[in-house]
Structures are given as C-alpha cells and as structure tokens.
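In what comes next, subunit A is part of two complexes: it sits with subunit B in the first one and with subunit C in the second one.
Then we have the complex of A and B:
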C-alpha cells in the first residue's frame, strides 16, 4: 500500500529517538493515534446523546461478527462491518418503538450468543477470542494499519457531514424538527458512525478498551470545558496521552496495553474530577 | 399570514383539536390561551407541520404548510439540557441560523454578527458565553427566543414563555415580543394559560377549550357568553382591578368533569373566527 510506504519512511526518520526501533511498535503507535482521535470525535456525540450503553454493546457485537467471519472464511473486516453496521441500525430502528436500553441489551445478547456459536464452529476458542476482546495492538500488520487509517478517514468524513444537524437535534430536538432536520435519517447515520468506529477499535485495541477510549476522554474533558471545540481538543489530547503512555509502559513491562490504557483513562477522569472538586471547595471557602 | 382552517387533530384515539379556526396578519401579537391539556402545544405543532391534521388545513402565506419552513420560528415549551452540555449560549443560538445544514460550520463574520444581533435583541449578551446547561430558566428562555429570531422568521410561535419567569421578567419578555412584532412586522402567536400578563400588549386572543377555538379581540372573546359556549357549560368572566378571571373553568375545579363530558362535542356550533 502506497500510504504505508510513506508511514514506514516516517518511521525510519523517527528511528534515532530510540523508542520506535521496531516496526511493530511504530504500527502500534500509528494505529493507537488514529483510533484515539476518531474515538474522541464519535465519543463526543455518544456522551452528548447519552447512548453509552449502545456504544458499549456495538464492539461486542462486532466481536461476534469477526467470529462469524472466521467460520465463513471471509476477511474479519467483512464480519465486523456487517455486524456493527447492522447491529447499529437494528438498535436505532427498534429503539424508536421500544425502550432503547432494553432493545440494546437484547440485540447485544443475541449477538453474543451467535458469537459463542461461531467461536465453537470455527474451533478458534482461546487465542482468537482473546485477541478480539483485548485487541492486539502490538503485532499489527502493515495492511491492517492501512485499513485502520482508511476506516478512520471515512468515519471522520461522515462525522464532519453529520456534525451540525446532529448537534441541533441532540440539544434542541423540537426546534430542530420544526426546522426540518430529519431525525430518523440522523439516528441511523449516527448508528453507522458508532459502528464504523467499532470496526476500527475492535481489531486494534479490542472490544473492551474501544469503549473506554470512546467514553472516557470526552467525559473527562466535559468536566472542565464549556465549548464543544475545547472539549474535543482536550479529549483528543487525553486519549492520545493514554494510549501513548500505555504503549510505552506495556513495552517496558510486558504487561498488556489494554490494562494500562484503561487505568490511565480512569485515572485521568479521577484526577480532573477531584481537581474540579477542590477548586469549587476553595471558591466556596473564600 | 397564518390561516388555520377548521383543523381537527386526534392523538392516540382522542380528538384533541376539533375544529380550530383563526387567522393572524403580519405584525399582529396574538395570545393563544387555554387550560392545561386544551391542545395549545398540539396546535403549534400542527402549524409547524410536525402533526398532520385529520381534517382542515393550515396555510402560511396562502400556501399549505410544510415542515421546516424557515419563515416560522419556534420556541418550545419544554427544554431539557444536561448541565454539562459543552455549548455556549451563542453556539446554541447559532443552531437556529443554519443548524439544519450538513457539515461543520465555518466561522464567518456575517454569521457571528447575526448571532450577536439576535443575542442583543433579547438582552442576552451578558451570558452569551456561559455554558447553556447552567443557565437559569429565564436566561435559557431568552436564548431560545434568540435562537428562533436569528433565522429572521415572519411568524413566531412561542409556547408558554412566561411560565418560567417571575412577574418582572414576564412583563419584560412580553414587552420585548410586542416590540418585535411592531418593529419587524412579525406575527407572533404566544401560548399562555394566564391572559393577564399579556392584556396590554395583545392585538387578539385565540381561546382554546375542549378542542374548539374562539378568536377575536380580547373584549369580544373574554365574555361569559363566548366562553360558556366554548366550554359547553356556564363559566363566568369577571374583570377586577384590570385583571380578567374565568370562574368555573376547568382550572378552577368548580365544575365536575362529568358535567363537562355531557356537553358532548357534537352539539357545538362552529367557532366564530
């Protein structure tokens, strides 16, 4: 892939820094960066719209999709795309009729059940399942980096197109409807957006860590910012810091990246939360 | 400007509007009055094209309404905003300008100025940079009006703007809207369940009860005869110290609901436009 050629050349330039001596670590950093930034964009709307449960469920549905792909012997990406996009659309369509959380939960267990079946049929229990749940960020191939970048660009493009009407219908639904915003279309496109981000996160950081990257940094940033742009910038920085630091620590210790990344994301939240609390206490004391 | 013709709407097998009829001209400031559950919000939604009438028609500028008409501004009754919503007042108002368009908004000078003007016209500049989720009910109310105004509508529908406000602010908002109707020739339909704070400003009243409407000048509509006919049972309209009080309406709980039911919608005459 041409793009990969460019990225790998960049890697050669960075070689002297010492850390990025191995190509697989370089791939991990590139993928981690793309995933963290895209997850921030989508996570912004996930938090604003209060659909964390849906964002939590979709990666697990994607996991079933990959398991299915191994059974049918098609590329994992096909399984991921099919399950995540379909799962998202089913959730957004059905939740207009029933309660969103119930619909989400039912879709999730259905997919997990199917996932278990696929894993058994594909006789690929242990390692594959482990990689899907926790990701394999260290050990990503060149083509996979290209894939992540491509899906990342598509997701970012769709996010930019949706931004304004999605914001309008989220913060001022009645006014948006009156002005002609098409809610159903937006609901479905948003589900696709979350599905796409899961397509990126599942192979790289796994179904579990993907969710924390989506929600954590944005939630932390919203504690202290009052403007969308600032929230996005701060959340992006927090997400990047978490994944970069996690890769560094994992490289040194041999412990899993996911453990460090989730811990750092939660720590960031705690620190900011306590900082804000101390600040208000001080303000009250004066 | 706005022509509501014999509109019938049913929601969940209940006839909520059963022949509503009135007109509003450009520059008129009109109060839409009625007890809770009378169908005021439903009527606004019908005018916006969010609810389709079973019978009858709504015309704006002599054309049938369609959803998303930029000539109509809307300030809804209920707002819910999370306190941590990462949005400043001015971002919230800007959504009224081009929130329907796809894509990320580009920071243009004309856009900023229009938002600034809308904020200024409701005197909301002092808290324009505060996060919207933290504003008081009255402050948010003004921002909502600014959001509706920024698109420069010719018809403004405002649902219960006064219920969140103290008396001083209620008068202030009424004065502001009245002024907008005068200076911009904008038609305003303002929903309220109490007529009194509006009395001095209104050009016209549309009174809604039991799905029917009565429209006209305040002194025509607010009489014991008209309202008794509308309610289908005797109510008394009293004037004391410059206030109008409807005695015996459903808000007063003086008439048992059975008595109201006996009146039956079928025997009612057409409302006077």
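Then we have the complex of A and C:
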C-alpha cells in the first residue's frame, strides 16, 4: 500500500497531468530538443576555439533585436536574425583586429541599452523583458516551432559543411593556411553559425542564460573524453537531459525554465568534475 | 540670456527625484571612474562583470524580503569578491567554469525575479534591477550611496601609491616590502563598492559602462595616472549630469513621448566620450608628429 503511494507520487511528478496533452508543452519539448542538439554541435567549436566570450555576448545583441522587433511590430525572428548575424560579423571583425576588450564591452552595453530603450518605447515592460532575458516556454507558438526547426536545419547543414575545414583551422592553423584554407571566410561563417544558434536559444531560455546551454554540456563532456565524436554524443545527451528535465520541473513548479536549465547544466559539470577529481586521487593513491 | 534664465528656473531643479538621481549617478560615476582606472591597469574588467551579475542576484533576492535593493547588491557583491579573492589567480575571463558559475547565479537571479513578480505584483522589478531606475530609487539609499562612495574614495586615496605600484608590477611591489595581499584586499573592497554602486545607478547589465567607459577614455587621453583619474572622473560626472538632464527632457520626445531610459542615455554618452577620447589621442599624436618634423 505504502509502495503504491510512492509510485503514485513519482508518477504524478514525472508525468503530471496534462504534460503530454498540453499543446504548448509539446511545442516546448520540440523546440528544446532542437535547441539542445544544435547548441551542442556549435558549442563544440565554441569551446575548442576558446570563443566563450562571443557565445556570451551574441545573445545579448539578440535581445536588442527582439526588443526592436516589438517596437517596429515585425516578427521577432526578423529582429533576431538581423541583429545576431550582423553582431556576429562585427564581433569577428573586431576580434580579428585584436580589439575585444573595451570597445566590445561598450558595444555590448550599447546593444543592451538599445534593447532597454526599445522595450520602453514599445511600452512592453516587465513580463516581456523578463521573457526575453530569461526565456519563456508558455509562449512558444506553432509557427515558432516551425521557425526553430527551419533555423535548426540550416544551422546543422552549415555545420556539416564547415566541420572539416573549421576543425582543420582550429587544430592545425598553420597547416590549414598553407593548404589554402580561407581563414577570414571561415571566421565569419563560424560567427554566423553562433548567431544562428542564438536565434534559437533566445526565445526558449532567454538572452542571459543561452550561454550555459552552448558551453556547459560540451565543457562537461570534454572533462570525460578527448575524442571528438564521443564528446559530441555525450554533450548532446547531457544537453537533452538538462533541457527535458528543466521543462518537466518548470511545468511541475511553474517556475522559470531558464533557472532549472542552468542549474542542471552547472550541476552536471560539477558532478563530473568532482567525479574525475576523486578518480585521479584514487589512481594516485594506488 | 533668455535661455540661461529658463535653465536656472526650470522645474528640473525643483524636483526631489531629479536631485536624488543626480546624487546617485554622480557618486556612482565618480567612484567607478576612479576605481576603473585601476581596473584597466590591472586588467580586471571581467571581474567587474562577475561582481555586478552576482550583485543582481542579490538585488533580486532583496525585493523578495522587501529590503532595500542596494543591500542586496552590496552583500552579494561582497560574497562574490570574497570568492574571487579565495580562488585567487584562478579566476580568468576565458575560463569556462567561471562562465558557468556566473550563469548559475544569473539563473538563480531569474528565479528570484520570477518570485518577486509573484509576491509583490510589481512586474517592473526586472527592469529596475537589470537596467536601473534612478528616478524611482528609494530616497533612503542616497545617503548610504554617497557615504560609501566617499569612504571608498578615501581608501583609494590612502593606499594610492602602494596600489599603483602593485597594479603595475606586483613582484616589484613585493620586493619593495609592500603588503601586496592587503593592498589587493582593500582594492577588492573598493572594487565591490564601485561595481555595486554603479549597478544600482545604471542597472546590473549596463554598469560596465560606468566601470570601463570613463577610465578607458581617461587612460587613452592622459599619460600620467593622476591625470587619467582626474579626466576619468570629470567624464563620468559629465555623462551623469547630461544623462539625467536628457532623461528629464525626453518626456516629450518622439516617437512615443514616454521618456528615454536614463541608463541608456548615460551609456550612450559614455560611449561617445570614449570615441572622442580616441580621436583626441590620435589628433594629439598627429600634432606631435608634425611638431617633431619641424624641429629636425
């Protein structure tokens, strides 16, 4: 009898009523899956190339894009695409000139300030701002799922085309240059790739928390394995686990999904980190 | 003359909110400008990011317990500063682990902000924590803010020379018998106050403008550190007053007639000052080159 009670509670918790029949939860799960997988693909190169800064700042530029779109009353996707792709190109140009410090920081502040201005002008206070910065699952509409899928497919296609040259230029730059790989073009295309991922992450987990989804799973996976394919597979699994669990918990509690997603991702990282530390300690003791 | 008269007798000067806004932005601006020069020298701009982001989490929590948000900023900022001191040299901007911990705090802040809207039914908490709200700030904050800013300036003045030597060359400072660790600790304290004051004035997301903008401009223009600090403080005060003035004037600006956000205006002015400083530096170098040619 007691056992049944526990099982019932567990069942209610893992499969709360309405989880699978609510349309927006389906939308959220489909979008979350696409976002987690593409973020892993691109995050692999973000970690490998050490451009975490770009991953940190592009979503903030995207925030200004969506806010601007609400003022001009165009679809958010248009604002996101314009600002993220342009922002990515500008950032890759700035970093090539070795100017990522003050100018970039101030440019970012300008983008955030512009977002603030747009929100004020559009009189879209409070909740809209919150949704843009920290994500919102309730609001994901059917067309938005289609858009995410389309952007996800484009991102994956571009990633597949770029995979070999990008890996080559990242791992063995001099050799790649000698073989005639066009570095500047690759840099720009990679910035576009990161921009495309941010287009998808901003509506789901928000401008301020997309960074963790892009970096976290790959960083965790590369603590365990050094092989590229294994890293990608493990990171994909970790990212999916994080976003699925976060959506479930958000549905259960009504709390924001971004909070759960970042917490789970950071927990995954910490657990693996501590596990590895214990393992090396034990190996040294023997 | 007519304009001057209108300026002096403008209702701008009779509004207590305006005076509070002026005091808050000026004190936050001056202390950030002075501390900022050392931040630039020590290359610690990423630390400022950490301090304000974690501070924002504290501010979001403070609304939950209806405490003044400034205490939230300051207490969490002190925690973050202590954490960075404890980790020492391991905190690096490129470090993925640091970025992840940071986004964990942002996530926690998201939760607090969400709960704030549930508890207090004020949806604008998000905007005021992240983007600042000098016109609607709690008037009780102002004396505290001015007091801590003044105390911080005194501390920086007291340790000015050892701090300068430590910032330029820590090993040399050690060899000269300067207690590098204590100087670093005091500076971290000053850094926390500057970052959190400017986070309160500008909002957590835009506070970088005050921390980096004037200092970077000052360092670009001046060759001596003392002059750089002076110019930096002057630029910060200019931006603060101009920003508050424009924000006040903007209530009937197109397109909406709803007023432009003050922190946005200050950030824009600071950016322009930075660009102007770059131009001034280049122009001066050009003049000097011309002068050099004439001499030889």
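Everything below uses one rule, namely that the second predicted complex is superposed on the first by the 262 of 286 C-alpha atoms of A that agree within 3 Å, B and C clash if a C-alpha of one lies under 4 Å from a C-alpha of the other, contacts with A are read in each partner's own complex, and residues count from 1 in each chain.
FYI, a contact is a pair of C-beta atoms (placed from the backbone, for glycine too) under 8 Å apart; a residue touches a chain by one contact, two chains touch by 3 or more.
Computed from a predicted structure; not experimentally measured.
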| item | value |
| --- | --- |
| Partner chain in contact with A:258 - subunit B first, subunit C second, else both or neither | second |
| Touching partner for A:176 - first (subunit B), second (subunit C), both, neither | first |
| Superposition-derived comparison: subunit B or subunit C, residues of subunit A touched | C |
| Partner chain in contact with A:110 - subunit B first, subunit C second, else both or neither | second |
| First, second, both or neither for A:227, with subunit B first and subunit C second | first |
| Touched partner set for A:150, first subunit B, second subunit C, both or neither | neither |
| Which of subunit B and subunit C A:52 touches, first, second, both or neither | second |
| First, second, both or neither for A:248, with subunit B first and subunit C second | neither |
| Subunit B versus subunit C as contact partner of A:212, first or second or both or neither | second |
| Which superposed partner A:240 touches (first subunit B, second subunit C, both, neither) | neither |
| Those residues of subunit A which subunit B touches in one complex and subunit C touches in the other | 50 |
| Subunit C residues touching subunit A - in the complex, by the definition given at the top | 40, 45, 93-94, 96-97, 99-101, 103-104, 106-108, 110-111, 113-115, 117, 123-127, 130-131, 203, 205-206, 208-209, 212-213, 216, 255-256, 258-261, 263-264, 267-268, 270-271, 274 |
| Interfacial residue positions of subunit A with respect to subunit C in the complex | 47, 50, 52-53, 56, 60, 101-102, 105-110, 112-114, 116-117, 119-121, 123, 125-127, 129-130, 133-134, 206, 208-209, 211-212, 215-216, 219, 255-256, 258-263, 265-266, 269, 273 |
| Interfacial residue positions of subunit B with respect to subunit A in the complex | 48-50, 67-70, 72, 74-76, 78-79, 81-82, 84-88, 91-92, 95-96, 98-105, 130-132, 144, 147-148, 151 |
| Subunit B-facing residues of subunit A, complex | 48, 50, 160-165, 167-168, 171-172, 174-181, 221-223, 225-228, 230-231 |
